[in-house]
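Heads up, there are several structures right after this.
First subunit A sits with subunit B, and in the next complex the same chain sits with subunit C.
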Partner chain A sequence: MTVTAAAAPTAGPRRGRAVGGLLRGVPLLPAVVLLVIFLAGPIAYCVYYAFTDMQLTGASGTHFVGFDNFTRAFRDADFVNAVELTLVFVVGSAVIGQNTLGLALAVLMEKAAKPVRSITSTVVIAAWVLPEVVAGYLMYAFFFRQGSLNAILRGLHLPQQNWLYTLPILAVCIANVWRGTAFSMLVYSAALNDVPQELVEAAEVDGAGPWQRLWRVTLPVIRRSVMTNLMLITLQTLSVFGLIYTMTRGGPGNKTETLPVFMYQQAFTSSLIGYGTAVALVLLVVGALFSVVYIRLLKIEED
Partner chain B sequence: MAVTDSPRTVRVRPAVARRPVIGTRHTRATASRVAVNVSLLAFSALYLVPLLWMLLVSVNAHGSFRLSVPSPTGENFRNILNSDTTYRPMLNGLLMCGGGTMLCVVCSVLAAYPLSRFRSRLRRPFLYTILFSTGLPITAVMIPVYSMFVQVNLIDSMPGTTLFLAAAALPFGIWLMKNFMDGVPLVLEEAARIDGANAMQVLWRIVLPLMWPGVIVVTIFTFIGMWGNFFVPFILLLSPEKLPASVGVFTFLSAHDQTQYGQLAAFSIIYSIPVVMLYLVLARRLGGGFALGGALKG
Partner chain C sequence: MRTRLLAATAVAAATTVCAATLSGCGSGSGGSAKTIKVVYQQQLNNNNHVQAGFLEPMVQQFEKANPGTTVKLVPVTASENDYYTKIQLMMRSPATAPDLVYEDTATINSDVASGYLQPLDGYLKSWQEWSAFAAPAKAAMKYAGDGKTYGVPDDTDTRGLWYNKQLFAQAGIAVPWQPKTWADVLTAARTVKAKVPGVTPLNVYTGVAAGEASSMQGFEMLLYGTPAANDSLYDGKQRKWVVGSKGFRDALDFVHTVYGEGLGPSPQDALGANIQAAVGTEMIPQGKLAIDLDGSWMPNNWIRTGPKPWPQWETTMGMAAMPSQNGQGSGKVSMSGGWAWSIPAKAKNADLAWKFTRFLESKANSAQWNSVNATIAVRTDVAADPTYLKALPSNAFFTALVPATYYRPGLPAYTQVSSAIQKAMESVTTGQSSVDKAASTFDDDVKTAVGADNTVQGAR
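Our next item is the complex of A and B:
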């Protein structure tokens, strides 16, 4: 603005255009104000708090402590445990679970009869539409010692387990797959619709089997959808809190304490706001990295 | 007839000779189709178990974790249909999510218009920032938001929570809305412009009427997201009488350890009904993939 103001005497019409341009941007204001106060503000605070020793009990004793929270975190066995569990959770339930299952369902549904297709998509989407806590509660009931899974296993004469104690991370991974697969399925169904049928048929004529057609023809054609889907489900899974918290509360012990749960426990159960925020910042940075990859995939048209 | 007959007999022969080959290929195709259908049905049945359990246990007087066939009773529903357990949390949720959705949709429409129509050096960086924020894990900013709300005395305030919910949903709302608005042709607008209408008149009289389906999609999407949001109200609200239904499920589960699963299932069903209905509206009127297409195209 200062530049245009200084150049004003010589460039009158340009100044008029600049003002006009600013006026045209006025409708953006409400959104920008909300975003700055409630998103940019907290993110800036997040960066600031992460370097303090703030506690829940009062702001009076807050000091700048530099990288203490971070050095502490990387020496904290619980934090390392949370990072590992988050990796297992994201890779296991999103990258492998939801992604593969969603693709498999989309591919199979193309070949299935119409009623079967609608039954499958209805059931899978129903699990997705349900609120997170309800899904968590249903999955808790499914994996509980006297739950449906053990009842089914007993019916099949297979060994039963107390899943939420022996394999809790597997249970929450499966819960997240159960809840989230619909998204990948919808993305892949839409993408498969756009695969030119001639390509697939040509490959079939050339003698390619179903697997080869999938690997060599379909997947390369839909690779952008694959990447977009992977980024989005990774981001979603990274911030899952309610599902895990309703199922296990991070327990038993800390066996399902992923980063969001660990962050919450540190900040509110142990009252260490500063430390919890440092953990949150780690989560935020990881999310931001994935988000950058994601926006590079979606190109915004040039002006 | 005689003329056409003879070539046909000639053609039939090789076909007869090839029939066994065609036959196996045909049966193999049928077999694989049957296999696909059967495995999808089996998979759906397994997927359905938790949902079925919820429905069964909600009408079961002795709620247990087994998949049993009960003598149906409405007792669970009768027990929870009171102000403290159901009506107030549902109303709180409706107020906060409804208000937040309205705010978010209005701001998105306003913001989408300049982003979709005007060219400027700032447009692309702004859109990239918006798209970038859609990916940020909101969970991670909740602790600073909590500290911020404590400082400005907005903690345990329903309007404060509403504002935050709206802001958190804005990036996706703006992005989706801008994509829908891009689909409205410019020609009509230019005619109105020449007749002297200003930007707001054009937006209200010409653009919006042409993109109602898009606005409805954004509205429903935003509402479903907020209705299911557990973490935000869980952190920002403290008084039990202000909590929405999403936190209600959680407090219910922790308060009644191992008992009254029937009631909790009944409550879950009531809590889920609004979003299921809204999703059905979305899918029925606009087709399931429609909304996603708008979200994912660049």
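Our next item is the complex of A and C:
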């Protein structure tokens, strides 16, 4: 990768250069210290707790229990359910929802008249600027039984239902799409500006329709932005907690209990800090796996 | 460059996730010799200021009688479950530990096991009024591990059925009403459903969001009414948690029947975090609920200083004891809990905290607290006091339930078992699992929580 390639020459056989390299690193020291204390520290703590039976209440001490928490998790039907829901939530709301809708909005807005463009972007970005809990509450007000969605459906004489009860995972997915699309839209708007206009025009002269131009010219040019965007929204969506907790608290039953909500319930409702932390660690691994896949894809592109 | 950026993002995202589990409370406390911090729960329903209204004048009197002392009241605004979590986090660290904390008897043993509280035996020895406290209430304050006492109870409660006499008249059910079996309760609910449309026939708290209310007012009121009675959840003789019992499935089946037949609130309301406030301040006063399986404290909602003043409750609402499953035993069931004042192990000023506790728990002040809070007295001299008995028309009825009452197993693992009960209830309420499947999930959860060695197969 680029990092190792750049570092290799400095690590050469000559001492002088090594010392010089160290000296050059000195100004970085305060930043490194801060990172170690506030980033690496909590993660190390988190890793340690995951291997203990720490409880918030009810236990006289904390003991090292090896991999017990992890074996327990993989045998726990609720945990498996949480992993599945997390995948549905990430793929449904981020990879498909936010990503596609963000791209569509960005492409359409390029063509749109200026007033339409400014109004649309204001509306979309407003959802993104709202604090998570406020967004969650608004979406709850939209979906709940006496909420605005059912009022609209009633006005149109269409059948209504209690969305948060019958289709809770769909409701939270839509909420997350609503809230997060602005981010993808902004990334893609910026990327589309970099698409050379002459390429598009050349394709048009050669007789390519709008779909072909998007699929064969624009997308290949902005593919790196697509990957970066996918990675960022995947990681953001993996850790969404406030939105779901405000809307459904993980319920009804455990139908919207994604990993972050499950982790919270275990750590603070069941008081099992050790187990909850182990779940957090698994969430970390899931995020790392997604990252590795995306980084590999990017690297293939670069080669 | 891009790789590095991506790696940094991954680390940042990971840290956010970890921080969510680790973050506690960060407020510091000033601990001079003359100052104590007193923590109690402010209910989420912001209109309910009964405890603040009682404590604030008490603090003024105490500070006047003890010049130079400062009592800092720290209300923690939270639902019950979140309150437990918050005080536990506060008591973990000397920087945030209060000097006096209001503890639910359900979590007190669990918190003692974690070393959060200090024994009060040294103080109690020289306090003669301790002998006036009812024996069962005192027993609930004792930790089985060392036989020491960790709290001074200030109230207890009993549970039963509240019913709306006007709705019963419309449904053609004779009042006063006293069901003899579970079937009688369901029959009455079905009658209401058939005869009085637009009214919820029967409320039984259920699910995770209602927390301990589901376990205690809901499930245990049923479970302790099965033939195994006091040994239905925890077998005291064998000292093991009971799994796989028929009684458990029967109790779960009752919940399933209530919600499956549409006799209860709609599951989406019942499973919402707001259900307790909705029952007390909306459904009952608006005459939308016929029968409510609930606690002795319900008039708290309706008294003049409560969140929903409703003087007509005295004539509208009737009370009946919850029957046992088939009318066996004494024929009625009640569960008791209550709250107590405890001194955290990491308190900075335990002596002054004790002095304030003694002041709060004097006969006069206890009587006042039990009257304003509509709780059942734990001091026997207060329980016999005519002003207390007359303070609320319901006091005599609920005080009389005390002989039929059960206390929850005072064990650290109880909170986890209680969570497992709530989960089982929720899954049958939504219809997500069958009664048998929910019961076997409960068995697995309990075995995981307490260890399979500490469980015993109940009567099938």
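In this text, the second predicted complex is superposed on the first by the 253 of 303 C-alpha atoms of A that agree within 3 Å, B and C clash if a C-alpha of one lies under 4 Å from a C-alpha of the other, contacts with A are read in each partner's own complex, and residues count from 1 in each chain.
The rule is simple: contacts are C-beta pairs under 8 Å (C-beta built on N, C-alpha and C of every residue); 3 or more make two chains touch, one makes a residue touch a chain.
As the structure is a prediction and not an experimental result, all values here were calculated from the model.
Contact with both subunit B and subunit C is seen for A:Ala267 once the two complexes are overlaid on the shared chain.
Applying the stated contact rule after C-alpha superposition, one finds that A:Met185 touches neither subunit B nor subunit C. When the two structures are aligned on the shared chain, A:Ile119 is found in touch with subunit B, with no touch to subunit C. Ranked by how many residues of subunit A each touches, subunit B and subunit C are led by B. By the touch criterion defined above, A:Gln146 reaches subunit B but does not reach subunit C. By the touch criterion defined above, A:Val177 reaches neither subunit B nor subunit C.
When the shared chain is aligned, subunit B and subunit C each come close enough to touch A:Phe241. Contacts of A:Leu34 after superposition on the shared chain: subunit B is touched, whereas subunit C is not.
In the superposed model, A:Leu85 lies in contact with neither subunit B nor subunit C.
After overlaying the two complexes on the shared chain, residue contacts for A:Asn162 are found with subunit C alone; subunit B is out of touch.
Common to the subunit B and subunit C interfaces on subunit A are residues 39, 42-43, 45-46, 49, 59, 145, 228, 231-232, 235, 238-239, 241, 260, 263-264, 267-268, 273, 276-277, 280, 283-284, 287-288, 291, 294-295, 298. On the subunit B side of its complex with subunit A, the touching residues are 32-33, 36-37, 39-41, 43-44, 47-51, 53-54, 57, 64-67, 103, 106-108, 110-111, 113-115, 118-124, 126-128, 131-148, 151, 163-164, 166-168, 170-171, 174, 199-200, 203, 224, 227-231, 234-235, 246-247, 249-250, 253, 261, 264, 268, 271-272, 275-276, 279, 283, 288-289, 292-293, 296, 298.
Residue ranges of subunit C in contact with subunit A, taken from their complex: 1-4, 6-7, 9-22, 81-82, 84-85, 88-89, 107, 110-111, 113-116, 207-209, 267-268, 271, 273, 412-413, 415-416, 419, 426-427, 430, 432, 441, 448.
Residue ranges on subunit A touching subunit C, taken from their complex, read 1-3, 39, 42-43, 45-46, 49, 55-60, 72, 76-77, 145, 162, 164-165, 224, 228, 231-232, 235-236, 238-239, 241, 249-253, 255, 260, 263-265, 267-273, 276-277, 280, 283-284, 287-288, 291, 294-295, 298.
Partner subunit B is touched in their complex by these residues of subunit A: 21, 24-25, 27-28, 30-32, 34-35, 37-39, 41-43, 45-46, 49, 54, 59, 105, 108-109, 111-113, 116-117, 119-121, 123-127, 129-134, 137-142, 144-148, 151-152, 178, 186-187, 189-190, 193, 225, 228, 231-232, 235, 238-242, 245-246, 260, 263-264, 267-268, 273, 276-277, 280-281, 283-284, 287-288, 290-292, 294-295, 297-303.
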